[in-house]
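By written order: A, B, C and D. Residues from 1 in each chain.
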Amino acid sequence: MVFRVGVIGTGNIGTDHANRIASQVSGADVVAVFDVATERAKEVASGVGAVAHATDGDVINDPEVDAVLIASPGELHAEQVLACIDAGKPVLCEKPLAPTTAECLKVIEAEVAAGRQLVQLGFMRRYDAAYVEVKAALDSGDIGEALMLHCLHRNPTAPDWFTSDLALTDSVVHEVDTSRWLLGDEIATVTVLAGKPSPKAGSAQDPQLVVFEMASGVLVTVESFIHAQYGYDVRCELVGSEGVASMDTPTLGAVTRRGGRTTVVPPDWRVRFGSAYQAELQAWVDSLASGEFHGASAWDGYAATAVAEAGLRARAEGARVAVELVDRPSFYAGK
Amino acid sequence: MVFRVGVIGTGNIGTDHANRIASQVSGADVVAVFDVATERAKEVASGVGAVAHATDGDVINDPEVDAVLIASPGELHAEQVLACIDAGKPVLCEKPLAPTTAECLKVIEAEVAAGRQLVQLGFMRRYDAAYVEVKAALDSGDIGEALMLHCLHRNPTAPDWFTSDLALTDSVVHEVDTSRWLLGDEIATVTVLAGKPSPKAGSAQDPQLVVFEMASGVLVTVESFIHAQYGYDVRCELVGSEGVASMDTPTLGAVTRRGGRTTVVPPDWRVRFGSAYQAELQAWVDSLASGEFHGASAWDGYAATAVAEAGLRARAEGARVAVELVDRPSFYAGK
Amino acid sequence: MVFRVGVIGTGNIGTDHANRIASQVSGADVVAVFDVATERAKEVASGVGAVAHATDGDVINDPEVDAVLIASPGELHAEQVLACIDAGKPVLCEKPLAPTTAECLKVIEAEVAAGRQLVQLGFMRRYDAAYVEVKAALDSGDIGEALMLHCLHRNPTAPDWFTSDLALTDSVVHEVDTSRWLLGDEIATVTVLAGKPSPKAGSAQDPQLVVFEMASGVLVTVESFIHAQYGYDVRCELVGSEGVASMDTPTLGAVTRRGGRTTVVPPDWRVRFGSAYQAELQAWVDSLASGEFHGASAWDGYAATAVAEAGLRARAEGARVAVELVDRPSFYAGK
Amino acid sequence: MVFRVGVIGTGNIGTDHANRIASQVSGADVVAVFDVATERAKEVASGVGAVAHATDGDVINDPEVDAVLIASPGELHAEQVLACIDAGKPVLCEKPLAPTTAECLKVIEAEVAAGRQLVQLGFMRRYDAAYVEVKAALDSGDIGEALMLHCLHRNPTAPDWFTSDLALTDSVVHEVDTSRWLLGDEIATVTVLAGKPSPKAGSAQDPQLVVFEMASGVLVTVESFIHAQYGYDVRCELVGSEGVASMDTPTLGAVTRRGGRTTVVPPDWRVRFGSAYQAELQAWVDSLASGEFHGASAWDGYAATAVAEAGLRARAEGARVAVELVDRPSFYAGK
């Protein structure tokens, strides 16, 4: 069976997803596309043999569409996801689930009411082989109990409008999910430390140092550096009571010339996480058949937004801020 | 469009291929399967929603089959490939094209007569990201002219029937293709040196050291070690006049415990080259639409068998043996 | 000329130093030794061909002694160093200069009054080739301006009496000096975060996360983990505006067996920093001739103790604590 | 006790040795120096506080000289070593012991007649920590029986007069000793393969591929490349029946900038093997007291020359050449 996917949003990541589903994922086609940038949407649609619709609702409610992929601006996500739930269609939504916890909770309420899981969040690192290996090392017991987690998240550059706040809500949000997923634990408090800003960072406070305290007490450090210049470099090291699990930005080989032995650093997230996106999309399509989704849930999306909100307050107030979560509905147990 | 693939041979690699095409490759289904092991064939067919046929010819000539993947024993390849050419169907044939150059030449003759490329050989390393990076380093000019190539090919263990001859024809044959492809050059001579045999190798002469002299004079060393015990470890280092391009068995992360920092070595080729097989199959399916095949050609299969034949003589005679190739048909220029 | 060194304190590090000066350093002999553990002192003295004296003062004032190495308990350092200054003898003092800034300032006063540099502190990392390489990368301008520094300091185990306070004053004090030296900057504030304690750490709060804010705003993170079990692992990564300089626990080679490829982690600081101690001692002996000392000065010792004091308060109060330093005497400019 | 060393030959390596003994080795001074380049000898002598003598014999027979270090041109070594034996003085002789086996045998005869070991050969790799680790891995049994050894020996450039013959006798001779020492075995045959020459190599045949067959059957491959351009890169990988021991050109850290993560390759042997030379000289000076020398012996020097001679014939004849050794005198058992 081939699932027919509708794609909402044809920016960089939406286009990548559409192309990947069309040409590299088994069991799915892209049949409908929407973006407010009409020409771009048509171009992408034509490339994958799909129709460009006039509105996001047209995609969601198209009877030819079995499932929806949302890659629109974050402030539109909640409404679009709710419409998918209304339509009874599974949806893979890029992060964030919504910019506010209030909206996230509406999604959770709707999904719980629907009685079956329809929402998966696009936290692709859960499908990255290196992160998976770190998690496997912890879960195996080989490194004992988790005690600390050190994360680096470096981008080469960011546009002017990418503020220090966005660095938290759009970039560090990946470490939020990574920490919760790796450690199987909620984030209890957030602290944001501002250090010396890079002269390359314009008006942004960059880099920033973020500290999470997990419910269990495990400390997580996150260096967020969106103007690191040299490349896209995302890594973590998980410190256990019996050993350490670490991952590197994967390398394939080296070229040695006068000056030294050099390994390549990926230029951006599309290169670094290309195979994670591939695995994520294939797994999601496989889930369409089984009805069992193994990626991040709406709850994970809600928790991520809750931490991001706390992070913004922590940054504004220069203080440690507690993350307040509602009780997790039993619906999400084991999801 | 979805291409309908018939799979001949459901041993380890045939089953892997069938499952991968069915569940991980975009644009193709498996519709027909054959193996002399009837029960096994049925099982695989049922898993991928295909029909199990009574003979290989039934698969090849099934009007529902657009293209054929051959993963049967090597001595059957030539005949099956010829039948595919006869039927005008594209075929992806696992190495070897045939155990003898005489049979390989028949395939070449038939394909040239057919007037369009139908045959691709399953030398999957050409799709491995690490090998691709080595080739890119050479092709970029960064390391100057190629001068030497050092290859390691280690398997953890091999069954008793896997003789030292098979180590050349079934295992080192990958280095034959790798050398030819990386260097864009033919192998002129082969020497096989027998050293101290491993006590783990039973009656096999293992490891062996193989030396190729390319037409350009570039020397290639190949350590072939099929009872290396510790894992599957395949690597090369390409020495240029201005620098060196090297690759490692890729690693994702490390676990550090008392005793040291340990990175995993893959247990076998299925793990090591999983993503290369994925890329190879997707590229082949993409080629079914374009008619342009970019993998190893029938000529590459012939050349590999010619070198393997020379290798067997070199091993038997303890001497350097020249590889004699027929003139390459112009049909294969640029393929 | 051969300098005659007196060694005070023959615990682990004092004994190592005595033996190293006697048998691996050019231009120096050990001629006198003292420890309250009389038998131990005699044994060490006999091994290096020296005399065991009855008191530390006897060593310092022995006319046969040209220079003194102090490796006694930290609370005795200030008095012993002052006696060396009194006697006009150069002294290499293991860290700390003194446990309190008040005592450190007495040493500074005395050295300034003496009018020539006599005191060097035993911060050996300044002589470690890997740390030197990180500093060289920063000083070369290759990585732009320093923005953040991430440090790990892991010991396999510590005795029961090694409290979380000692982890700061005896262990993290190395990162204090490393940060000041690498960055050429003073530490302005200290924060100590207590996370989930290791079940292996007994009553100690371990690991701890320490954050320094440098006067320039550069942030420094230090993971201090004295019961890491697996080995002695000390590293840093310096993040600049144009790139990153990192160092690893050095490795020489790897052994690959079933289970993976393993590199050794040093069991303790004696192995990890053996060549740094060697370089430190040789440099100090060379300085005895020139009168120019290039290692850490009494000022560096004072600053380290000031930060450690602030760290203890930061830990006790769970708050960010400012480091208050007196004005640096011009005597120490460029030292 | 301080041993008084005489140094013969003040070229690069002789000067390095003289300076190192004078300023970095414990227990020895340089008291006398000779070189035919009189001015250079005087300059070196003055730097280390020694006397410059008029002849090599004056150094050897100077009653103030306890032991001799020979770093003169290789063709003078045998005569000078014989004079040291005559004078009953221990001698550390740079490789080769002599350019011909005939001369080497005279030294052996004289040393055996003297009845005590006086001669150590300057094969410094035996003191390199990375090589020592490879040997330890083999000796521990962890990797099973040795089966193959792969060696790389790359220099950045060589002067015009450094012929392909010299690459064997002056450069690969280190791999001769390394192979014999690591494997505890004699080299039985030598083969030299000439491949495509580097355009940077002038008239030299470079790189060359050398194959040793050890008496036990273990095969050794040596890539000798004296115009590798990019740096000094010397490594080996020892393949055992249960695993592999490998070493890398040691690195301390990395700098990551736009373009990638780069580790330094040493520019020359002085940098790469600086600490090995240091360890070698300290060990030799320590041996002067004990009378027990643990480095390469005159027998090792003879064997190295015998293999080099065979290598020259193998190169000239393009054939595998057997190494013929006289019976080893029992005097050298365990040395």
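By definition in this document, a contact is a pair of C-beta atoms (placed from the backbone, for glycine too) under 8 Å apart; a residue touches a chain by one contact, two chains touch by 3 or more.
Owing to the predicted nature of the structure, the values given are computational and were not obtained by experimental measurement.
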item: Label of the chain whose CA centroid is most distant from the centroid of subunit C; value: B
item: Between A-D and B-D, the pair with more C-beta contacts; value: B-D
item: Rounded Å distance between subunit A and subunit D, as computed from the means of their C-alpha atoms; value: 57
item: Mean-CA-position distance for subunit D and subunit C (Å); value: 37
item: Approximate Å spacing (C-alpha centroids) for the pair subunit B, subunit D; value: 43
item: Numbers and ranges of subunit D residues touching at least 2 other chains; value: 229-230, 233, 242-244, 251, 256-258, 264
item: Touch list for subunit B against partner subunit D, complex; value: 144-148, 150, 193, 195-200, 207, 209, 211, 213-214, 216-219, 221, 223, 225, 227-230, 233, 239, 241-244
item: Subunit B residues within the subunit A interface of the complex; value: 2, 22-27, 129-130, 133-134, 137, 142-143, 242-248, 250-258, 264, 275, 282, 286
item: Of all residues in subunit A, those that touch subunit D in their complex; value: 156, 229-231, 233, 251, 256-265
